[in-house]
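The structure appears below as structure tokens.
Labels A, B, C and D are assigned to the chains in the order they are written; within every chain, residues are numbered from 1.
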Amino acid sequence: MKALVYFGPRDVRVVEMPDAKIEQPTDVLVKITTTNICGSDLHMYEGRTDMEVGRILGHENMGRVVEVGKAVTHIKVGDMVCLPFNIGCGHCQNCESGLTGFCLTMNPGTAGAAYGFAGMGPYSGGQAEYLRVPHGDFNCLKLPEDAIEKENDYVMLSDIFPTGYHATELAGVKPGDSVVIYGAGPVGLMAAHSASIKGASKIMVVDNHPDRLKLAEELGAIAIDFSKGSAVEQVLELTDGAGADRGCECVGYQCCDKHGKEHSNITMNELVQAVKATGSIGVVGVFVPKDPKSKEELQKEGHMDFDFGQFWMKGQRIATGQANVKSYNRQLSTLISAGKARPSLIVSHELSLDEAPNAYKHFDERDNGWTKVLLKPEMIKAK
Amino acid sequence: MKALVYFGPRDVRVVEMPDAKIEQPTDVLVKITTTNICGSDLHMYEGRTDMEVGRILGHENMGRVVEVGKAVTHIKVGDMVCLPFNIGCGHCQNCESGLTGFCLTMNPGTAGAAYGFAGMGPYSGGQAEYLRVPHGDFNCLKLPEDAIEKENDYVMLSDIFPTGYHATELAGVKPGDSVVIYGAGPVGLMAAHSASIKGASKIMVVDNHPDRLKLAEELGAIAIDFSKGSAVEQVLELTDGAGADRGCECVGYQCCDKHGKEHSNITMNELVQAVKATGSIGVVGVFVPKDPKSKEELQKEGHMDFDFGQFWMKGQRIATGQANVKSYNRQLSTLISAGKARPSLIVSHELSLDEAPNAYKHFDERDNGWTKVLLKPEMIKAK
Amino acid sequence: MKALVYFGPRDVRVVEMPDAKIEQPTDVLVKITTTNICGSDLHMYEGRTDMEVGRILGHENMGRVVEVGKAVTHIKVGDMVCLPFNIGCGHCQNCESGLTGFCLTMNPGTAGAAYGFAGMGPYSGGQAEYLRVPHGDFNCLKLPEDAIEKENDYVMLSDIFPTGYHATELAGVKPGDSVVIYGAGPVGLMAAHSASIKGASKIMVVDNHPDRLKLAEELGAIAIDFSKGSAVEQVLELTDGAGADRGCECVGYQCCDKHGKEHSNITMNELVQAVKATGSIGVVGVFVPKDPKSKEELQKEGHMDFDFGQFWMKGQRIATGQANVKSYNRQLSTLISAGKARPSLIVSHELSLDEAPNAYKHFDERDNGWTKVLLKPEMIKAK
Amino acid sequence: MKALVYFGPRDVRVVEMPDAKIEQPTDVLVKITTTNICGSDLHMYEGRTDMEVGRILGHENMGRVVEVGKAVTHIKVGDMVCLPFNIGCGHCQNCESGLTGFCLTMNPGTAGAAYGFAGMGPYSGGQAEYLRVPHGDFNCLKLPEDAIEKENDYVMLSDIFPTGYHATELAGVKPGDSVVIYGAGPVGLMAAHSASIKGASKIMVVDNHPDRLKLAEELGAIAIDFSKGSAVEQVLELTDGAGADRGCECVGYQCCDKHGKEHSNITMNELVQAVKATGSIGVVGVFVPKDPKSKEELQKEGHMDFDFGQFWMKGQRIATGQANVKSYNRQLSTLISAGKARPSLIVSHELSLDEAPNAYKHFDERDNGWTKVLLKPEMIKAK
């Protein structure tokens, strides 16, 4: 089968690979119809992780079931399914509590398992024609009848829509709340969409890319351009000096100042200031325990110069970590089906699999307008 | 009246002060029967805060009502009452949500109000014969009939018992959980007592003072002496390598390594290691936004070299801040009355008010056996 | 002052009454600008309660502060305020937990206190020129600058908007849920509005009045006319046979079948059928402990022939009771201010106080189009 | 293999049956070491259900794994395991939310699946030498090393300990609460034990069997004998007239008055009176949708003459349904292991399987001292 393979820093290629196949009786085999490029794919693309050469990338996957193992009882051949990026076993202490992002058996250790991801187990990614899904009954979300019609919405259930939603859950967003979101990338935009669905009264999105801020406004948020003045001051002004009720971090350790220089603590320390006393902050942007290539001393060991004194004095809370996709994908699917959620609003490109290497290049360079790329392996390459 | 007054660093004296009196129609006047010395009094005593010379200290107070203002309807003369250290107005957005530690009107700003406390409003403390209690109907906890018999238990409801309990609430302790608590001072011991009341299955308390660790064991906890080996390793060993389900920080920014040297980040970074992935950490130890006298560069500005990467990767949570005493004091009072909570277990000294300066000295020097001092203004000085 | 007074069953008149005035130092005096007629006023109007002759009705009140007592610190003369129908003291065990509808001191007993309401204390109602508000700092919600412009929205915060919202809270409505609401009166419509704000995916409203069902549709709900076929079957069909995730009861003990005959158990037993196993039901429609004038034997003693076996087997939950308005009015106020909630959509009439008796008559007869009447004491009677 | 089989009303016999065996690749085969007789077995024993003749009874099972299917990855031969009475698939919407008692696929319909239970699917019970466990990785709780030493404690995790705990969860018991529990049978006693573990301040247990009330006292509860005076009045007196904070129903539809006459509404209507306004009630006693053999008209259709008016006016809550055992069994296992829970306290008899028919007879007749019977299939019949 054709698949996008990692050859080294900024070198990914579409090549022939052995067909994915059923390996365990609980497996399901999926023919991929849409697979997205995610911002976290870029960490691997840039060579900033220990991704193994030769592996297939892709953890935002959707497709049609073409074969099921002998122990699979619920999922049937022909079902349209969306796959959470986290792979859970379904029976460990964490999976049974809904913490599928921290499955204790699929990738023993703290990080959980995922498709095509550095440090998250040996599982192949889905930027390919086929994908093997372990524990298929547990991991496949069976989609309703409008799965093909709204495919670009449903594929977002694999990662960024639940991840954006998770940010608002970690932050405890309730009806009537004001919310400040750092980052207008796909995840930050999905956090804004989620906050709106939950009845937030005021949603403020901080970024410096005009195209992304424009999308934030289309989703009903107030755009805050930090290149035009202190984001903290703008938030305080919009909240009568009190600060926002809730904050979401949707950027991660590679956050930059207005000069484009990385400081891993910018977003967190600004959130402590921009969120009110007793407020809470959800962090879904990725922070890493080791980052040897960073130019910051503390960051090399995954540490941060954090404004803990202010944080404590304000009695705030921080909740972190990758989304447990299965905790949200059913209910978000219902909202898509009812027309009350439209995550596809942020899609900028639909391309064939062959065009993936070029798409990675543009996305990595944050080229204007490359917000979210969807790869369609069944599509013939555009001429 | 006689009162303990702050004269400067390590200089407190019992002197004559003007009588406390009713100033507002909602005030209540209390004759103090017991008032404790708290670990946070030492921050002021040592001159590490901007406490004003001439103010009366004391925020852990209990006594008998001797007069009530004209707008007071619920509290009566003769009632035995315990006073939460936080002073709330009862009608602001935070008070009405139970966040009385962050009252928006009694000390406008983020810190809330308290009796006899640096930076928490102009209110006199209760290490004196009388105390004025603002918004008496709201702030007085009326005690049951065994108030005098169990006075040393009930007085703990003013601060350290609810504060220890708050640590376990912030950490989300549930029946069956394992819990690691950093600090076996009065608050850490009350956190251990609270975790036991809540049905924790394993309670581990970390400290290096043998007398305090012994009290922890009397409260049903496992003592972990960090002077005898890595506390983190001991916790991991006791939890099959997984880490504790929950963690409590009950030390604060003046935490020390085994050589007695201050590093504000020791307890927090160890908690990140000692608590399991997806676990949560409650922080009631005090961390301050400014600490100019610290020897650590980051700490001078209230910042911390924090292991954020590990914290995020483990998907942990931190909740912070001073206890909202009123959220807990009724239910904890019920437990004292039923004989199911006995916070007085940690009391080491009951002294007259005149002996307060000497008691401050011993307590500040962490002299062996000076765990918790209760002052009894009605007691004649022991010869 | 002029006020609407209860003279007996179906006999209310606007007459001169002694001016409301400050009686306690914590009181606030409000000049009423809008006061609504509520469905529960009709229980008194119809003589089905033990309402005392000579009392002023009206518990949905809003106005301008014209005088404050000496112990009032927060509310100022000139403030525009909305008053929760429940009157709380602010310092009892229930008030401090947010259960202001069950204040233990303002009307000792179980029912809580309210303005102008049978069995809820001696407090005069607000269908008058002036209203005395006890514990003004606690009970007044100070409104933002657009208070006059959006007066017809804000006045709904006194009762029916929080009450409709409470129904969705008691039912546990979450984003993505399907919800069935029995009753398209003002409260049912506000429950539908609230469910929509909270991100429900499907909202079904059951009634048989075409004008009310039309309003439900304008609020984004699916109208279910029970006069045209079994409501339960329609709900099951709309939910693939599973039943709705959540149910709201917004009718109360006077619910009728399609022939207009009262059976107090219709809505509850249908909800048990129409809601899924493990689902939950919020009940804000009023049910009474005694109803001697009922034609049903059980109902005379406040009992119900309830399908408990089905309810238990399905593992459902029921939560009941009048709304604790203060728990919601701030956040709902924020949503009105942000333009994300528009409860005034259901207003059918704005009348002068003099027109109140006529309005009661039409409202009581459920005349077509008399959905919600707002009285404006400052308005000159329309000719 | 030998097994206890239902032959008809009050006729159960130990006979030879075909060996249980692996049927699906996800199955696990368990050699039973302990299997209990449950109060709900009596509903079948008495012929009050539609239990099929020829089926093996027993849903409280524990044993040693002797064989695993090819798709089983976590559970190994030799593991000591306890089996929740509910059988879940692990991947349906309810199982993934922890609602394993309402699994949507193992017994389609509302009731969930169980071993050897009328109306809960075709699964054989465990009062036998061997038991087939479907979805073994999901349904087996692997026990720690002290499994054999504390076998009589761990076997309680199959049903009654989690069911008693569930009652306290449904009722929302928190530290410091007062709790009234109707029923001192095994489940009521486990509810009392659970409330104690959770830090309840006052636990009142209502029954009229002196031996059971004595066990309640041994578990730290206050015994209330309803044959000696109104239980409601005794509870009100013990709670200063306010009523208990929480209530638990652990009897079910066969509850009797002091003359031994069945009235299905006694416990529920008393709980409405004995629990405070705003309090909540958890119901784990079984209530059935059809009961044709009842002598009460309403009860024949599963209906109840319920005091809904009082219930609503007090703003109470009811939550119901069978326990989702998997939601609690891990944490309760931890408490057993730590010595903080000892459910075996209520065991009255340990017998061989052959003695089961005689044990059913005594248990059914509520013979004094027959509180809880454990069958040990590996035991040779006592002479």
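Everything that follows uses one rule, which is that contacts are C-beta pairs under 8 Å (C-beta built on N, C-alpha and C of every residue); 3 or more make two chains touch, one makes a residue touch a chain.
Every value quoted in this text rests on a predicted model; they were computed, and no experiment measured them.
Novice: Equivalent interface to B-D, which of A-B, A-C or A-D, with over half of contact pairs matching by residue number?
Specialist: Copy of the B-D interface among the listed pairs: A-C.
Novice: Count the C-beta pairs in contact for C-D and for B-C, then report the pair with the higher count.
Specialist: Answer by contact count: C-D.
Novice: Just how far, in Å, is the C-alpha centre of subunit C from the one of subunit B?
Specialist: One centre to the other, that is 43 Å.
Novice: Approximately how many whole Å separate the CA-defined centres of subunit C and subunit D?
Specialist: Chain centroid spacing, subunit C to subunit D, equals 41 Å.
Novice: If I count partner chains per residue in subunit D, which residues reach a count of at least 2?
Specialist: 330
Novice: Give every residue of subunit D touching subunit C within the complex, in rising order.
Specialist: 94, 99, 101-102, 110-111, 170, 253, 264-265, 268, 277-278, 283, 286-291, 298, 301-322
Novice: What part of subunit A is in contact with subunit C in the complex they form?
Specialist: It is residues 174-178, 197-199, 201-202, 330-332, 334-335, 337-338, 340 of subunit A that touch subunit C.
Novice: Sort out for me which residues of subunit C touch subunit B in the complex.
Specialist: 24-26, 69-71, 73-74, 89-93, 96-98, 105, 137-138, 326, 330
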